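Okay, got some structures for you below.
First chain A sits with chain B, and in the next complex the same chain sits with chain C.
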Partner chain A sequence: MINSLDPRIARENINEENNIAPLTEMDNWETYEVFHQKKRGDQHVHVGIVHAPNTEMAFLFGKEQYGRRGISVNMWVVKTSNVFASDYDDSDIFDTVPEKQYREAGGYKVMSKINKYKKENNI
Partner chain B sequence: MQHIKELLYKMADDLLVLGHRNSEWTGLGPILEEDIAFSSMAQDKIGHAQALFQILFELGEAEPDTNAFMREAKQFHNSQLVELPNDDYDFSTIRHFLFDHADQIRFNMLSESSFEPLAKVARKIKGEIKYHVFHADIWLVKLGNGTEESKARMQSTLNMAWNYALGIFEEGDFESPLQSENIFAGEKELQKRWLEAITPTIEKANLKIPSEADWNPVLGGRKGYHTEHLDQLVNEMSEVFRIEPNTEW
Partner chain C sequence: MYGNAYIDPNEKPKSIIDGEDLIKLAEFEARIARGEKIEPKDWMPREYRKQLIRMIEQHAHSEIIGALPEGTWITRAPGFKRKLALMAKVQDEVGHAQLLYSAAETLGKSREAMINDLITGKSKYSNVFNYPAYTWADACIIAWLIDAGAIINQVANAKGSYGPYGRALDRICTEESFHLKYGHDNVVTLATGTPVQRKMVQEALTRWWPPIMHFFGPSDKISNHTEILMRWKVKMATNDDMRQQFLNMYVPKIWDLGLTVPDTNLKKNEETGLWDYTEPDWDEFKRVINGGGPCNAERLAVRRMAEEKGRWVRAALLQKDEKYVTPLA
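Showing the complex of A and B:
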């Protein structure tokens, strides 16, 4: 018998040799992505993942894992498999060439006009 | 005041004892997320009990911690349903479902009570109890529609727990003053509303309420008659407190 200091374990009289079969892959539930909203009108923000057998239970778990401190007014849960994710091998698509000043606001020569206007109007 | 105290004691003891029982799943729950959810709800229950012990304290009873941890099992007013050992998760789930619906309706009724301190607590904890009932309903429906094993276990556990659940509604000696003073509409009314509330969910879970001919409420808990399991629970729950009752926590 397992002789534990924890009375909950001790009274279960569990054999030392415990032949519990290991989990197979299908014993694990799917993952759901959890998004919460801090206040109405805000964007929902991704806060983490829960394992669940269906969306309702994913919400139950999401609420306790991520919303129990009372900072959410709304929650979304989405099956991870329903999220399209880009490939890290393709992350170079986010690289952009540096010579693109024509697309930046700094390309507009307006500071001299603004300063002139300020001076004229004593701002 | 005796009638209000009796009402508060039975509610507080139900919540304290069930909160403690449910907390025994901490670290042993079926999966991590459910372990956290169930533990969190157990803490909520203890918190609700504390709010009621606080009102009792203001009515001249012992301090909340002393009241919770220094009484013997026979001084507890909880229904026997809540003191039974956890057994497997099917029993804990069924008990959670049967008790929490009654708890939600009781507090809803009390939110309009003429006894304002209790009405205030009822309004404050409304959201927490709503989540507890949500949680219970979703698990019941899921397991009731699961595998052959889960269906069979849920039904036999429901049959086993049913008469204990009816014991929640054991009447006390003060039903009529509580009603005439508009403090609480009474256990009979509560049981009626409870049955109406749980029936659709039990149907959705493809389970059957035991036939009325077999209803035989397990009474006595409200008057201090308990199973041997409550002794074990009270001893374990209060072990640390009793070593040094005057410690500041």
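Showing the complex of A and C:
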């Protein structure tokens, strides 16, 4: 029997021998991905995972694990298996034409045209 | 199309990177050299995966076992504010274990397998937690100096190459800053208190000094793991470097309180800028880490009891058709 300094443990009469059956697969359930929003108006951001047997418990664990310092105003949990994620090996799927100026505000320079027009027409 | 599945049947295994795709290995090392992070589904050498699992898993176990010597003092904490603070700290430590188990899981070892390896004694955890917290002052010294040591280790490793471990450590370091301040506040209260309080905190420091010196591990000259871990940015500082950093930051703070460190050789060498100290007793370290310490049996027995008593609840909540998938990040 364990003879502990801690009176609570001493009272438990815990056996010193290791005679428990090992944990089996799924003993700790599946995982959920947790997202939180720090303040209204912000995007939700992924903060980590929890193991849980269902969505409600995942939310409770997520709140305890990631929201216990009062830094969240909202939280989402979603089963990991329900997330479709791209593969880093396939990151070339994000490659596109090398020149993307036409998609950016800076790609449109009108002042030079206006100035040229003004000069030519004495405006 | 991937062409690396073919293995020449005439080729014999030779070394640690044996059987690895050398092109992928070169890409992997170049990525790390550029300061980029490795993410869970990325290709990685078997040894990288193995070492990271070993390290993160041990770290997770240390958090969960480390909560036990401090948890002992929750019911006897002097005053309501300290009780609240200690409960919060112990909850944080258990939360850190969860974050770290999650990071290790992304490398392919299930949480159940890690817990099994802990409770059977196959996996190690930080050796300091095999010592008891005799008095309230011991709990204060742990909260201040053991957490200080842990922060030095974690801040260094947070800059490592494995993304999920770095993210977990960033979060942990933020939370640990309160632990350090709380521990310091408690030690200062005792050290500036009555003669009885001063005596109590001095005795606790004297008891904890050898485990604190052991905390960062043996000198890297005799540590097998270090070289490869540092090349792959798994481990970011040598054990001796971290020990020196700790001494440099905290010995002056200890002396400031008029407390005595039980090592007459301890002094800063003005020429080298490094601290001289008596070499810790590494035979004692090995004896304790291999099960011979005062609390090894108790720590594992308490952990087994928790697993065993919670089992029916976990089983009752399990939905039979659910399937485990590895977490994404």
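We take it that the second predicted complex is superposed on the first by the 90 of 123 C-alpha atoms of A that agree within 3 Å, B and C clash if a C-alpha of one lies under 4 Å from a C-alpha of the other, contacts with A are read in each partner's own complex, and residues count from 1 in each chain.
Here is the rule we use: a contact is a pair of C-beta atoms (placed from the backbone, for glycine too) under 8 Å apart; a residue touches a chain by one contact, two chains touch by 3 or more.
What you see is a predicted model, and the numbers here were worked out from it, not measured in a lab.
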| item | value |
| --- | --- |
| Per-residue contact with chain A, leading partner among chain C and chain B | C |
| Touching partner for A:Asn15 - first (chain B), second (chain C), both, neither | second |
| Contacts of A:Gly48 with chain B and chain C, given as first, second, both or neither | second |
| Contacts of A:Glu56 with chain B and chain C, given as first, second, both or neither | first |
| Touched partner set for A:Leu23, first chain B, second chain C, both or neither | second |
| First (chain B), second (chain C), both or neither touched by A:Thr80 | second |
| Which of chain B and chain C A:Ser4 touches, first, second, both or neither | second |
| Touched partner set for A:Thr31, first chain B, second chain C, both or neither | second |
| Contacts of A:Gln65 with chain B and chain C, given as first, second, both or neither | both |
| Chain B versus chain C as contact partner of A:Pro98, first or second or both or neither | neither |
| Contact residues of chain A, present in both the chain B and the chain C interface | 8, 29, 50-51, 53-54, 57, 64-65, 68 |
| In the complex with chain C, residue positions of chain A that touch it | 2, 4-6, 8-9, 12, 14-16, 18, 20, 22-31, 33, 46-51, 53-54, 57, 64-65, 68-69, 80-81, 83, 85, 87-89 |
| Sites on chain C touched by chain A in the complex | 39, 41-43, 72, 75, 91, 95, 98-99, 102, 105, 110-112, 115-116, 119-121, 132-134, 167-168, 171, 175, 297-298, 300-302, 304-305, 307-308, 311, 314-315, 317-319, 322-329 |
| For the chain B and chain A complex, residues of the former touching the latter | 24, 28, 31-34, 36-37, 40, 131, 134-135, 138-139, 142, 236 |
| Footprint of chain B on chain A - complex, ascending | 7-8, 29, 50-54, 56-57, 60-61, 63-65, 68 |
